[in-house]
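Both complexes shown next keep chain A, but they swap its partner, so chain B is in the first and chain C is in the second.
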Partner chain A sequence: MSNFNASRRRVLKTGAIAGAGVALPTIFTASSAAAFTNEPTGSSVTLGFNVPQTGPYADEGADELRAYELAVEHLNGGGDGGMMNTFSSKALQGNGILGKKVEYVTGDTQTKSDAARASAKSMIEKDGAVMITGGSSSGVAIAVQGLCQEAGVIFMAGLTHSNDTTGKDKKANGFRHFFNGYMSGAALAPVLKNLYGTDRVAYHLTADYTWGWTQEESIAAATEALGWQTVNKVRTPLAATDFSSYIAPVLNSGADVLVLNHYGGNMVNSLTNAVQFGLREKVVNGKNFEIVVPLYSRLMAKGAGENVKGIHGSTNWHWTLQDEGSMAFVKSFGTKYGFPPSQAAHTCYVQTLLYADAVERAGSFNPCAVVEALEGFEFDGMGNGPTLYRAEDHQCFKDVLVVRGKENPTSEFDLLEVVEVTPRAQVEYAPDHPMFAGGNLGACNPGA
Partner chain B sequence: MDAILLQILNGLDKGSAYALIALGLTLIFGTLGVVNFAHGALFMIGAFCAVTLQRILNLSFELVDETQKDFLGNPLKVKTPYVEAWFGPDIGGSIIDWAVPLAILFAIPIMIGVGYVMERGLIKHFYKRPHADQILVTFGLAIVLQEVVKYFYGANPIQTPAPDALNGVVNLGAAIGMDIVYPVWRVVYFFFAVLIIGGIFSFLQFTTFGMVVRAGMADRETVGLLGINIDRRFTIMFGIAAAVAGLAGVMYTPINSPNYHMGMDFLVLSFVVVVVGGMGSLPGAVLAGFLLGVLESFASMNEVKSLLPGIDQIIIYVVAIIILLTRPRGLMGRKGVMEE
Partner chain C sequence: MFGLDKKDTSKLIIVACLALLAPFILNPFPTDSALAQFNAGYPDLMQRFVIFGIFAIGFNILFGLTGYLSFGHAAFLGVGSYSAVWMFKLIGMNVIPAIVLSVIVAGLFALLIGFVSLRRSGIYFSILTLAFAQMSFNLAYSVLTPITNGETGLQLTLEDPRILGVSATADGSIPVTNLFGLEMRSTFEMAVGPWAFQFNAGYYLCALIMLAAFYLSIRIFRSPFGMMLRAVKSNQQRMNYTGLNTRPYTLAAFVISGMYAGLAGGLMASMDPLAGAERMQWTASGEVVLMTILGGAGTLIGPVLGAGFIKYFENIFSKINDNVLHTWFSFLPDGMEDAVVFIIHPFIGKGWHLTLGILFMLVVIFLPGGLVEGGQRIKGWLSRRKSKDGGKAAGETNPAE
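What follows is the complex of A and B.
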């Protein structure tokens, strides 16, 4: 009897362990045969493109998807090869990745963190995606980056500008090609100094979430270093549509510069409202009132129309750049789709090629091998000059563009003009810079 | 003092939009007893009537200009709007410039038609169903409508400017020696809203049709027993309510560039306005619209936000709770109206 009891206990114990194992999401497990999560075993490899297909950034997401499709076409040897011809690394041969044909699945982030995680999880678990990329929001990027770290796949971020993505929320499996709030401040400050001088009073309106906070901190620090005062920093609800009641106090604040830390619909509306209230015609402290939009997007600038004219900001890339890589990409994209690519499309296209190239150079899809290949990788020919993927935080360092709303656009795409290409050295910072403190890359996770 | 007056103006301006939408909602609820969650979508469709007319007026023919190049280095196709070709650059340009005011005429028949089809095609089947069913079906309809608009117009905001003559600012305080600079179009929007609200009240108060509708709102059954086809009149009122929401949307486009989601942004606020004003009370809806607009503006002031951080995000709901606790029927709701 006692023997039976002991045996039963063992059976129950074993069953419980087995049950717990089965109950674990498959995302955190792998077959014993696989060396890492979703190791490609057939003749193809699947990438997961997680972009906003619905919601307020759907147009930006559609442009990202176009870029991904173009990148897949080029990787598989189709089209004219685009930036593969100008990329300094010559590991990619146009025969897929490591000889495997590149296939892809898409997910809809809806620009919501939970939806983005769910779609990324589905692409990893059900579709076997070995890499996830995309997104048009820092909140989404940080959420999906965390998921990819846990799941043991690589995350190549799309459009995310918050310092936190490669700051306090950085992860070993995550990489960002796009620039960030600090870089915007570092690039804009000298231009603002030349244009508006050192004796200015700034008023910030800031979208009340992670991206807005870090951009506000970065721009305020950069302009205060010039000698500017910051008279007020006002947080505005992300859901706000009419900013008139936030603009009105600016008129009597003594400020002579309004900094709009807004993106997307918020930027369109706040800038439109500011211009409506006559801020640009105002003279304060004996100086013309100025408006600054630190992060510009051509797609969004279109919504603000004539209101962007003469307004300065920064951008990661612009289709009018005349370097070989940019021209090759614009030609490929423009020929295929009939209009020039956005900065979101550019960063997504480049990220896909960079991932594929890293796999080729590493000779493996193993995330840890890819991480090793990308860390400290120096490259050129991708549109932003010589670029470094810094090992310490997985942030790309490259030239940043300062742009201005064009006074006399010649077409519906010709909304911004490049005022200055800020050299990489000017936007670099130490890995332990206080604005990026608090995070830890941790170790790469291969998943299996 | 200037700042306070400015926020009052802002509040009245915001309140104009709330009041116009809430007025339509109340008209529909008061006549048909339907909780119409698709009403915000009607506001959005109105705005896109302006966008559509702007695009129609900008329909262009292309001429290849060999001297200029496009972004791919091919000869540039220069677009010239047909309107400018037909009427000359000056008159044609003016017609395009005045697209938004002209869209009022364009939107009225379209919105009445949309309202009629919506009521006859879908909502009439839910008159005798519980309010929860009505909310579900109209909310679903709102989502379908916004997705349809997004399919054709995209997700990004579309700039729809006011005519040049009505752009810019005006100093409303000049007469009293103060400096109260305010956008001209927002002043136009406020007076437009007052005109529409006045028109609706006059229509209901001084016409036989309006008298019958008011009688029907008070006692639908008795009016029906008198041999009056009250349903037909209520259908027309649905169309009028749709037109009011649509016109509010048309005139709102220069204030904020329209996007497919703008109806949803206003919907919840407008329902709060209706409830605060008193269900079924037209004056209540208008009063609450302006009141909540002004309170929302004051809550955005830095002095208020420094005392109560985040108050600008919740003020409307706080006020709604206080009013419903102290006056459960809302500001102007009457006993017995819309109560089972």
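What follows is the complex of A and C.
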């Protein structure tokens, strides 16, 4: 069937063609003349909003996208300006960024590292985005942060709570405004001590990825320091929707506190399962059985409905805060969409403004100039009190809220109440803290 | 040329032209026009086109020739990716060892799974492969976390040894993948008037490997071995009754196709050094089945077309949001504009699966031979119009499974 008749002439010809083929790519090594990746040259600048539109974190993603659109509107001088009026830095003038109109592209991360990177890559390579932001999962945030570092664009992390994002996987081009697992533990521990005492037995159900692991580690360390015991730590797949089989063993473990290291749709389902199994009515070791959700959000509270009443957790921000910045943001978000923003929306909005402000102050879109402007930047008026972008790990330090599911909600948005505002000093840690050790920021990469 | 007959040579030349001129072909619209949204000529997507083309070509060797429908091929892709990333972590950033290892490891893995799964045929074989793939996915996702880094995905760090390279470059960042110094990410941009064409080194490496893979697949299709595989498809029982043991042939086809998948996985990791467990999920296995059927199972060029088609939808249609729609239809009166956007909304953005599903249904119902059959029908229709003899059949069609 096969006919391969090699003659000298044919072999030579084939060899020549193959040689030309191998040599071909070397022609294309020259890089373009721009000073950094995707330098905006026209009258507009493109930002990339990469959020989960499908998957377990889709609700958060939708709210993040709303916040981004609002931020773009404010940067371009539309709307009422929101937090731009309360922000302590006054570099932004409502004429875009450095006089360039802000445009944006959106993408779906699907809460999968692969899809998120593909989406971010197309934003950088096709749409010329000079900054990528978003993500509602730490796995995705870390993957995209790595990509942005390689490509030479800035990554402003959205909702990512893993210690690793600014710990062992930190990158010079990546910045996180959101708080992290360690801070949750530090903020929650004193409250849990007052509520439930120092003699408790905890059982952890943990989403099986970087965020779950580091939060579990942080909470276990913080509660064990109070004198609690940890009987078991069970990892559950991120894609799981039914947690009944994980809840049943909790009853027989002798634990009297269940810690749900779950977020988004996972938490809604696992909490609902736990309540259905009657965990909250149980009395174990002579104490009422309690459930703790270390990372809480209003969207989750809404999804879980009645079940969240009286359950404690921590959050980055809540719309009922009465400071100037929060009120301005809630007002403009509410006017535009008809309901208050979630913490995910807040952090994404703030990150966009912080990036724009850093570019204005640096006078350039060059990632290295932006990094320099953001490192060690202190600001206020963004809803969390005085905040510092620490230069050593690009993590924001600010107050953390401890919240509780409200017993008698007055509206469908009034689901959480702030129990305590934990001051910044209490949640601070050294950059080389063991939970954050092992990483290296490296140098900023302007690409090109 | 290359031991192929005239028809196959022309097919190879067509694929070569498509692959090498892709930066032009996929960028038909000027960058500042409203239609630039539909341009697909950027490195990442072009790389995906050819890499998934390789994956589908390999899958077609098994499915198109022997008729064995594997629902677990993504496992080999994932294994290939993980091996490649480990090579980048341990050996160095040159892509050659990574690609070689990914093919070898995927081949061994395919040998193991194929040896067990091929004891059954038909639906039982499909279920067995699906089970193995899900097993590998779950292993990668949680049990083997020290090797695979679980859900987060295996990534390079500044602390990796990289014994033949450097752990970190002089300016303190992670080195990038290269072919003897030629960086995979280096891109040459050519501006021609309002058009911008991007030529990416990594893309051309993938394209050349894809051409080699395509050529190999033609040779397999035309070889006595390929004929034996076709015989397995048409009636395996009869072959067994004539005293012929078909298992070595099917196992060889399975391993070859697994190695193709491993090659695709290795290339994916070489273009973007990250490996995630979701590459092994059953949806990824289903995707390659869709690609092959959509393009035309059992045809040479079909799987490549199918891969391009699906990846185009995934990356271009999912990017269209309401904002973009509003700019397109802004010429309509306000109420009309909102109504049109409302109607189209479910089919774009996160609804791209829906559009793809509808198109897939249409193709399977009206063009059972896939896109290739569509092409043949158009060709037949044109030649009939030209010669006006009318009686000539519209080219041969290959039955779809």
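Quick note on the criterion: the second predicted complex is superposed on the first by the 416 of 448 C-alpha atoms of A that agree within 3 Å, B and C clash if a C-alpha of one lies under 4 Å from a C-alpha of the other, contacts with A are read in each partner's own complex, and residues count from 1 in each chain.
Keep this in mind: contacts are C-beta pairs under 8 Å (C-beta built on N, C-alpha and C of every residue); 3 or more make two chains touch, one makes a residue touch a chain.
Just so it is clear, the structure is predicted and the values come from calculations on it, not from any experiment.
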{"item": "First, second, both or neither for A:P237, with chain B first and chain C second", "value": "both"}
{"item": "First (chain B), second (chain C), both or neither touched by A:G442", "value": "second"}
{"item": "A:A118 touches, of chain B and chain C: first, second, both or neither?", "value": "second"}
{"item": "Touched partner set for A:G107, first chain B, second chain C, both or neither", "value": "second"}
{"item": "Touched partner set for A:Y209, first chain B, second chain C, both or neither", "value": "second"}
{"item": "Contacts of A:H161 with chain B and chain C, given as first, second, both or neither", "value": "neither"}
{"item": "Overlapping contact positions on chain A, where the chain C interface meets the chain B interface", "value": "54, 237"}
{"item": "Chain A to chain C touching residues, read off their complex", "value": "1-5, 14, 21-22, 24-32, 53-54, 105-108, 112-115, 117-119, 121-122, 125-126, 138-139, 142-143, 146-147, 149-151, 164, 168-169, 172, 208-210, 235, 237-238, 438-440, 442-443, 445"}
{"item": "Touching residues on chain C, where the partner in the complex is chain A", "value": "2-3, 5, 20, 39, 42-45, 48, 138, 141-142, 150-153, 155-159, 168, 171-174, 176, 179, 182-183, 185-189, 198-201, 204-205, 208, 219, 222-224, 226-227, 272, 274, 276, 278-279, 315, 318-319, 321, 323, 349-350"}
{"item": "Complex interface listing, chain B residues touching chain A", "value": "2-3, 6-7, 10-11, 13-14, 68, 70-72, 76, 150, 154-159, 161, 167-169, 181-183, 185-186, 255-257, 259, 261-262, 265, 296-297, 300-302, 305, 312-313"}
{"item": "For the chain A and chain B complex, residues of the former touching the latter", "value": "54-60, 232, 234, 237, 239, 241-242, 244-246, 248-249, 251-252, 265, 268-269, 272-273, 276-278, 281, 299-300, 302-307, 319-320, 330-331, 334-335, 339-340, 410-411, 413"}
